[in-house]
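A, B, C and D are the chain letters, set down in written order, and residue numbers restart from 1 in every chain.
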Amino acid sequence: MNRLDRDQMAARVARDIPEGAYVNLGIGLPTKVANFLPADREILLQSENGLLGMGPAPAPGEEDWELINAGKQAVTLLPGGCYFHHGDSFAMMRGGHIDICVLGAFQVSVKGDLANWHTGGADAIPAVGGAMDLAIGAKQTFVMMELLTRQGQSKLVEACTYPLTGIGCVSRIYTDLGVFAVGPDGARVVETVDGVSVDDLRTLTALPLGSALAV
Amino acid sequence: MIDKQFTDAHAAVADIQDGASVMIGGFGTAGMPDELIDALIARDVRDVTVISNNAGNGDTGLAALVREGRVRKIVCSFPRQADSHHFDTAFRAGKIELELVPQGNLAARIQAAGAGLGAIFTPTGYGTLLADGKETRTIDGRNYVLEYPIRADFALIKALRGDRWGNLVFSKTARNFGPIMAMAATTTIAQIAETVPLGALDPETVVTPGIFVQRIVAIPRAAARSAA
Amino acid sequence: MNRLDRDQMAARVARDIPEGAYVNLGIGLPTKVANFLPADREILLQSENGLLGMGPAPAPGEEDWELINAGKQAVTLLPGGCYFHHGDSFAMMRGGHIDICVLGAFQVSVKGDLANWHTGGADAIPAVGGAMDLAIGAKQTFVMMELLTRQGQSKLVEACTYPLTGIGCVSRIYTDLGVFAVGPDGARVVETVDGVSVDDLRTLTALPLGSALAV
Amino acid sequence: MIDKQFTDAHAAVADIQDGASVMIGGFGTAGMPDELIDALIARDVRDVTVISNNAGNGDTGLAALVREGRVRKIVCSFPRQADSHHFDTAFRAGKIELELVPQGNLAARIQAAGAGLGAIFTPTGYGTLLADGKETRTIDGRNYVLEYPIRADFALIKALRGDRWGNLVFSKTARNFGPIMAMAATTTIAQIAETVPLGALDPETVVTPGIFVQRIVAIPRAAARSAA
C-alpha cells in the first residue's frame, strides 16, 4: 500500500495552514512542517519557550544557544519576531490566540481525545512539557502521525488506552495513509493517499469510519 | 502577506455593532484612543458595554461616547472624577448601568480572559460591598473572592509605534491597560503614532506581540488631539 | 490643642519610611508625603498606573500628559525608574511586593478595618480605583488622616459605619494629634503630638486606647 | 543608597538553607543560572525543593545539583530528556520526588503566586492523570481544574543586564521563566552578564522591574561557562 514518508506528511500538513496563521509545531515529527510552509504565505511560528516569528535553523557554526526552540534546537528569529516570558507564551496558547498547533500522538480517539505524553509504563519517567496546554489551547489542534504502530495497530482508536493529554481537543489527523476529521460526531475520512481506499482505512483501523469520499 | 494596517479609524471600527462589548484603554487621558472612539461615535452604535478604568474625562473620548448615549453599561473602577460630568449625568438619570470593579481585579479579570483561565480567587474586595453575593474561600488562612474573566468583542487601545504584524510599543504611563486588553478581546484595534517597517522594533522590547493585535491605524501625533 | 497641619503630618509619615522601601502613596493627602522623604534615603515610589521610581512634578510647561500619577497629575521618572502595564502594576500590590502604602481614610477601626472609598450615601456615585488592592496588598498599610471629622467625630472607631475597603489591613494611623497602632489586639497610642495626652486621645475617640506612653 | 549588587555568587546564595524551596530559571540550558547553582552546590545544602521547567541537562547547572543529591523534590514539566541522566538515575533510585506539572500550569501557578492570587481555574490537564484528585468545575461550558500558586523562598535566574536597583533585561529565549519566577520568590537572585549604571536601561524596555529582584551578581560572559 502507498504510504507518505515523513517529509510528505509534513508537506501535506503545511498545505492546510493558511496565510497569516499563528502556529505552534510540537517537538518531534511536527517540527518538519516548518520546512514545507509555502513561500508565498506569511505564517508565524510560535515556540513555547518565548518567541514568535521563528525562522529557520542557523547555518552551522552560527548557533546562539540563547535562541532555541521548544526542542532545544538552535533557531533564528524573523524580522518582526519578538521574545516574551513563559507567562505570556502560555497565555497565547491557553487563551486561544494560537490558530493551529500540530502535535505528534501515541493515540487519538474518534472523538478527538489525544494521548501523546506518557505510555503509562510502570518504569517510564513521565514528561509532559507544554503538550497539555497546546492540545486544549489552540483554536485547532492537528495531529500528525503514522496511522499504524510498528506492530500494525491503529493509533486512531475508539477510545485511548494510554493516559490522556486532553479531551476532545483534536480536530484533524494527518497520517501516512490519509487525513481524518475527528470530533463529537466521530471519525471521518477526509482524504486518502493515492491507492488507498476508505475501506482499506476501515479495515486497518477496525473502525466504522464515515466518509464523503467515493468508496 | 500579513498586513494589519487600516488606512483610517473609521474603517478600523466599521464592524462594531449595537450591543458590542468594547474595552477602551487609557488611565485618565493617558493612552485614551480618542480618534478610535470618535470613529465609533460616528457609527452611531447603541447599547455598547464599555470596559475601561474610568468613565470618561472632560468632553472627549470615552466621555463623548457616554454623552452621546451610546453606552448601556460601563465596567470600571473609578467613574467619579472632577471632570466626569457626562457620566455623572447619565448615571443619575438612570441611563447607564455601572459595574464597579476594584482596579486590580479589573486588571486581573482582563488578564484571566487573555490567558484562558476560567476564574481566579483574588483577595481584593473580600468582605466589602463589591464582593456581596460572590463566592469566597479561605486558602492558607487568607480570604479570597472568586472573580470571573472579563472578555470583550473589541479592544480600542493607543500605542506609540507598531508594525504591519501588529507588534506594539507604548509611551510611558499611556501603556496602562493596553497590553492586557489586547490579550482579552476578540478584535484588538490599536491607534499608533507611527508605523515602522517590520524588524524596526527591537524584538527584546516589543511590549505587545502582534498575535494579540488584529488591526492598527496610524494617527500621527500632529494630527491627534493634545492629550492634555 | 496642638495639631499638626497637613504638611507636618506628611513629614511625620515620611520619617517612618525606611531606606530602600517600595512605597505607594494614595491619591489626595498621602501624595504630600513625597515632598518630605529624606534626601539621604533612596525610596522608590510606585504609581498604580504603571510606573516605579516616580520623581517630582515637572517644571510648569514641562508636563508630559503621558507621564502621570494615579491622581492624573504630571510627574517625572527618576533614572532607574521604569514603566509596566496594569497587570504587573497590581501584581506588585496584590502580590505583597510593595512595602508600604499610605492611604487616606473616612474611618479606621481599632482592628485595622479601613473605610475610604464610599460614604454609602444613597445618591453618591461610588468610585474605588485601586484602594481595595492597595489596602490589602501592601506589606504595611498606613493611614494618614485628621483624627476628627469637621463635626468633631473620631474617625478612629470601634467599628466602621461606612462601607469597608478592606478588613484588618491597616497597621498604623498617622493623625494630626498622634500616631496609633491598630490590629487584632485593638488600638494603641504610639505617639502624641506635643501638648496632647493619651487621655486627651481617649476622650476625643471615646475608645479605651492602649498605650506604652506615660499618661 | 539601594545597592542590590553582590560581589560574587557564593555571597549571593549564602543564606539558602537546608529544606529551602528554590526556583531555577531556564529552559534547557538557555537562561540557566549555572554559576549561582554552582555556588549553591558548594554550600552543601540538603533537601532542597526545586521548581524549574526541566530536571537538569547534561552534567552542569541543575543536573549537577541533582547529581550531588541536594534535591529532595522537583516540581517541573519536562524532566525526562536525552541528557537528563542524573535526574533519571536519582528518580529510578527513589531518591527524588517528582511533581509533574504541565508547563503552562507551572507558569500560571508561578504567576498566581507573584500576583497574590489564591488559586486559579485552568483548563490545562482537565480529565488527565495530572488532574487526578483535584477540584474541577465547569464554567461557561468549559472544564477547569483548580490549581494553587507555587511560591519559593528563593529564585535563581539569569539575565543579560541589570542595575543596582535590580532592574533587568534578558537575552532572547533565555528570558523564559526568569521574569515570572522573580515575582514569585521571597528572595530573587539574578546573575547578569553586565551591570549598568542606574538610568542606562531604557525605562520602556525594562522587562523585570527592580522591585522583584533582591540581589544581582555580575558574571561576565567571558567568565561564564559556554551555554552550549
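Rule of thumb we're sticking to: a contact is a pair of C-beta atoms (placed from the backbone, for glycine too) under 8 Å apart; a residue touches a chain by one contact, two chains touch by 3 or more.
Quick caveat, the model's predicted, so the values are computed rather than measured.
K.L.:
Would you pick out the chains that touch chain A and also touch chain B?
P.N.:
Of all the chains present, those in contact with both chain A and chain B are D.
K.L.:
C-D versus B-C: which interface comes out with more C-beta contact pairs?
P.N.:
When B-C is set beside C-D, the one with more contacts is B-C.
K.L.:
With chain centres taken as the means of their Cα atoms, state the distance from chain C to chain D in Å.
P.N.:
Distance between chain centres: 35 Å.
K.L.:
Let me have the rounded angstrom distance from the C-alpha centre of chain A over to the C-alpha centre of chain D, please.
P.N.:
29
K.L.:
Could you tell me the distance, in whole angstrom, between the mean C-alpha positions of chain A and chain C?
P.N.:
55
K.L.:
Residues touching two or more other chains, restricted to chain C: which are they?
P.N.:
Answer for chain C, listing residues that touch two or more other chains: 77, 83-84, 87, 90, 93-94, 137.
K.L.:
Would you pick out the residues of chain D that each touch at least 2 other chains?
P.N.:
Touching at least two other chains: 108, 111, 115-117, 122-123, 170-172, 203-204, 207.
K.L.:
Every touching chain pair, please?
P.N.:
A-B, A-D, B-C, B-D, C-D
K.L.:
Enumerate the contact residues on chain D facing chain A in the complex.
P.N.:
Its residues touching chain A are 27-31, 53, 57, 77-81, 87-88, 91-92, 98, 100-105, 107-108, 110-111, 122-130, 143, 170-180, 207, 226-228.
K.L.:
What part of chain A is in contact with chain B in the complex they form?
P.N.:
19-20, 22, 42, 44, 46, 52-53, 77, 79-84, 87-88, 90-98, 137
K.L.:
Quick one: which bits of chain B touch chain D in the complex? Just the residue numbers, please.
P.N.:
Against chain D, chain B makes touches at 108, 112, 115-123, 137, 139-140, 142, 144, 148, 169-172, 202-205, 207.
K.L.:
Quick check: in the complex, which residue numbers of chain D touch chain C?
P.N.:
Answer in residue numbers: 1-2, 111, 113-117, 163-165, 167, 183, 198-199, 201, 203-204, 206, 209-212.
K.L.:
Where on chain A is chain D touching in the complex?
P.N.:
It comes out as residues 47-51, 63-68, 72, 77, 83-87, 89-90, 93-94, 118, 123, 125-133, 136-137, 163-167.
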